[in-house]
Every structure is written in structure tokens, then in C-alpha cells.
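Let me begin by presenting the structure, written as C-alpha cells, before commenting on it.
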Amino acid sequence: MDLILLIDILGTIAFAISGVLMAMNKRLDPFGILIIAFVAAIGGGTLRDILINAPVVWMLNLTYVYVVFGTTILAVVFRKRLTYIKRSLFLFDTIGIAFYTIVGVEKGIAAGFPPLICIALGTINACFGGVIRDILCNEIPIIFRKEIYATACIVGGSAYFILLQTPLQSDFVVVISFVSVMIVRLLAIYFNLSLPSVYSKKEIE
Amino acid sequence: MDLILLIDILGTIAFAISGVLMAMNKRLDPFGILIIAFVAAIGGGTLRDILINAPVVWMLNLTYVYVVFGTTILAVVFRKRLTYIKRSLFLFDTIGIAFYTIVGVEKGIAAGFPPLICIALGTINACFGGVIRDILCNEIPIIFRKEIYATACIVGGSAYFILLQTPLQSDFVVVISFVSVMIVRLLAIYFNLSLPSVYSKKEIE
Amino acid sequence: MDLILLIDILGTIAFAISGVLMAMNKRLDPFGILIIAFVAAIGGGTLRDILINAPVVWMLNLTYVYVVFGTTILAVVFRKRLTYIKRSLFLFDTIGIAFYTIVGVEKGIAAGFPPLICIALGTINACFGGVIRDILCNEIPIIFRKEIYATACIVGGSAYFILLQTPLQSDFVVVISFVSVMIVRLLAIYFNLSLPSVYSKKEIE
């Protein structure tokens, strides 16, 4: 229980910092920085809840609001030190997308949606905070352009449903799916992988 | 019944291809292309369902997901051939907006909204997938800038409610409204019509 | 009752005109101008209603639709005269954000949300029409970049909950909170205040 809360908070922190960095890069004012941090941290969950017609989680549980608030202030004040914890941040982010993928998948199952939609909900939960963050900052969302990020979530979500067909206990299903998101993401970064390009050389020139 | 399903699928295909083309134009990666295709195809219906607080259709009926998936793969592989079927695509798109306009209007009526709101829902259903597609690709939505597109939907939606006042059978009301969207759209393209400009020459310079 | 309706309409007019001006600045066509005016006027309330899972107000009460329609036509026709009423417009806008802040806060309270979320709902109600307007016009939202605008709403929303702890009558609580939004906004414009910058000189260069 406590471990789950810790993971949730670490993910929220990593996502909020990604928002702070993007907002400061665009030279937004303090209110703008705060909003982009919020959107990055809770946008994916908000879209998930609206799509499945459930109450929006951060409106009922203020933990997220406090965490984003505190993270934003600390990130702005210590922004020059953020490079020192770059690795930890990357790890938090990886833990975060793995966690939110599973949460999205399980909320989809609980609401009675078919597996394909649950995988989509997991991916939306993990990735669309970043999409809305980028849109508000007038950028084409980075996950549509490069890096294996959403793909890791899709792999993990698919693993979940494949493992459900096996006699594995549900706890193991969760842990293995969670870890598979992390492994795909970490391998992609380590080997600097992207999705194969669909463009011919001629088209790119 | 089968005719309605066919029209729905043709519209979905046309909208998905519009997304693929836009995404490839922006050099997005395969995941980005897929998401933009989805958003173009199902974004309008999603916004409609959220506004009327109904379950989101593509989350319950996987047909749309399969059609968009298959269309995206085929469109990417055969992208050089897409120019050969440009005319068919344009026709599918025109059939699509006519169909989705009527669907939106009828969902609005079923949910008890006044005619003006039902016409807005029909227009949103037909046009806002394209709006979200353009926003995600960092463009001002094309339907706000040129071409008579949304206007055709508004005309068709208005025709629906005018015809409801006549002794015409409801089937005829649907067919005539449907055809009127298509006619306005086809005439606009054939004669290269736009909405009259509200800007004076001086303002445009 | 009638005063409240008047304030609501003045706010809607001011917001719709902000949309018309932005859309004409981007040289949108008449349909685009109308949609941006609508979004600026009713976008904040729509997001508020979707977040609290309530029916969307403008879909049930056509007053807003008529007001935006009329305002848009008049604003386009008399656009050269708009500079003459710039001051009135600014006042309407200030009245508008004060009003929508209180409306958002009270809807949040009625739906049982905690104070912090109610203040957020008030701010969203007052400010996010402008955010969606800017996004659709491919700009980073102005309230994230400069001016004290959202901050006035946050101050007013906070005042509301602080005053609720006092023995003041609820009518006074509303009026004082309303006025405090206006005062913060008017002072900010009069003294040309912005939020303090979080960037060092070096970062800005």
C-alpha cells in the first residue's frame, strides 16, 4: 500500500518537473509554470477519467495538488541543480509511466472495457499529460516525433492481458507488466532506439 | 442497416487517411501517425459524447479501432498511391461529413437538446476530429481559415429541422439533409468557393 | 436576479469580443471567427462542467449562444469602432472574470469539492476560455506569459473561503470576493504589474 503511494508520488514529481522545465524553457511566468506542471502531472489521468466517465481523481484526492505545488516551487528554486539529479528524474519518469500504464489498464478493466481499449487507457494515462503539456507550450508533442515512450506503455499493457491468460497470480501479472514497461523504456534510452522511420531518404530531404 | 455501416466505415477511412497525411507531412514517427489518424477519425465523436455526457462510442465498439488501425497501415505502405485515389478519398470524406452531421444531430435530439445545439453537435461530430488533428500538429485548424466545410454541415443540420416541420416522412428528412450537406460541399469544391472575406483589402496587406 | 443576468451577459460579450479580435488578427474566415468567439466565451464554463461531470450550461440555456452570435456579428461589422469602447470592454472583461470566478467557486462547493479545488474551478471558469482560444489560434496562452489575470481569480477565490470563516453574511462574502478580483485586476493594469519573474537576467538573454 505504502509502496504504491510512494511510486505514485515519484511519478507525479517526475511529470511535474518535466512540466516546469518545458514551461521555463518557454519563459512562462510563475502562474504559467505552475499550470504546465499540473497539466503534465495530472493531464493523463484527467483525460482517462473523462473518457471513462469517472470522477476526476485529483479533484477528490488533494495529495496530487500538494505534490505538484511543492515540486514546482522546489524545481524553480533549485533549477540549476536539476541537472545533478537528471538520472534520478529519468528513473522516476520511467517508474511513473510504468505505474500509470498499469493504473490506466486496471481502471479500464474495472469499468468493463475490452482489452484493446484498456491498453489505450493505460497509454493515455501515462503519456497524455505530456501531450497536453506540449500542446499548451505550442509544440508538436514529443512522443509523436521521437523516442520509444508510448510504445513501452503499449508493450506493458499488452503483456498484462497476455499474462492474464496464464495461470500466474494477479500480483505477478501486475509486477511483470510494470517491469516490462520499464525494461522497454530503459533499453530504448540505453541503445538510443526510436521506432523505425516510415520515410524514405528522399522524403526526409 | 448494412448501408449505414458501410457509410460509417467509409467516413472513418477518409478521416483516418486525412490524419495519416497530415502526420506524415509533419514527419511524425509511426506512433504519432497512428494517434493523429485516430484523433482525426474519432475526435469529433468523442467530443460530442463528452459534451452530451454519453459513453464514448469507440470505446464500446471496436469496429472504429480496427478500421483506423488497418487504414493507417495501408495508407503508410501505399502512400505514393494515395494520389491515385484522391477523388475517391474526397468523395468518402464528403459522405463522411454528411453522415456524421446527421448522426450528431440525431444524438442531440435523442438527448433532448434544442435544435440549435443539435446542429452544433452535428457540426462538431463531423468537423472537430479535423480540428484536434490540426491542433496536435501545431497548425491553426484549416476549417477556421478556408474552404466551405463546416458550413455544409450547418446547412444540412438546419435542413433537418426545417424538414421536420413538413409532413415528410422521417426517412426522407434524413436522406434530404444528408444529400444537402454533400451538395453544398461538392458545389463549394467545384466552384472553388470560400466564405466571403470579412477583411478589407487594406487589412489583408 | 436581473443584475446577475446582466453581469453574466456583459462578461460573455467581453470574452466573445476577445475571441473575435484574436481570430481577426489571425485572418480567420467568418466560421473561424464565430467558433473562436464561442470558445473564448463558453470554453471555461464547458471545461468546468466536464470536470465536475455536470451538464454543460450553454447546451441547456441558449442565452449564451444568442449573445455570442449577436456580439460576433456586431464586433466584425463595427471592428474599427472597437477601439472607442476599449475601456468599456476592459471593464466588462474585469467584471466577467470576477463573476465567473465566483460562479466556478460556488459550483465547486455545491458539488462537494474541497476549497482548493473550488478555487481552481473558479480560475478555470474565468480563464480557460481564453486559454482554449489561444491554443486554437496557435499561440502560447497569454495568461501563462504575462499580466496578472489568473492571479486575480485565485485571490478572489481564496478571499471567498477566508470570509466564509467569518460571521459575515453569505451575500457579503460574495460581494467582497467579487470586488477583490476586480481590484487586483484593476491595480495590476493601472500599475502595469506582472508576476515577479523567476528568471535571472542571464537566462533571459
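Each chain gets a letter, A, B and C, in the order it is written, and its residues are counted from 1.
The criterion applied here is as follows: contacts are C-beta pairs under 8 Å (C-beta built on N, C-alpha and C of every residue); 3 or more make two chains touch, one makes a residue touch a chain.
As the structure is a prediction and not an experimental result, all values here were calculated from the model.
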**Report entry** Chain-level touch network, classified as line, ring, star, complete or other
**Finding:** complete
Query - Fitted rotation between chain A and its twin chain B in degrees, CA, nearest 5 - result: 120
Query raised in the report: chain C and chain A are one sequence twice: same or different residues at the contact, by the over-half rule?
Result: different
Query raised in the report: Whole-Å distance, chain A centre to chain C centre, using C-alpha means?
Result: 31
Report task. Could you tell me which residues belong to chain C and also touch two or more other chains? Result -> 50, 53, 135, 138
Query raised in the report: Where on chain A is chain C touching in the complex?
Result: 23-24, 26-33, 35-36, 46, 50, 53, 55-56, 59-60, 62, 65, 76, 135-138
Report task. Write out the stretch or stretches of chain A touching chain B in their complex. Result -> 50-53, 113-114, 116-117, 120, 131, 135, 138-141, 143-146, 150-151, 194-199, 204
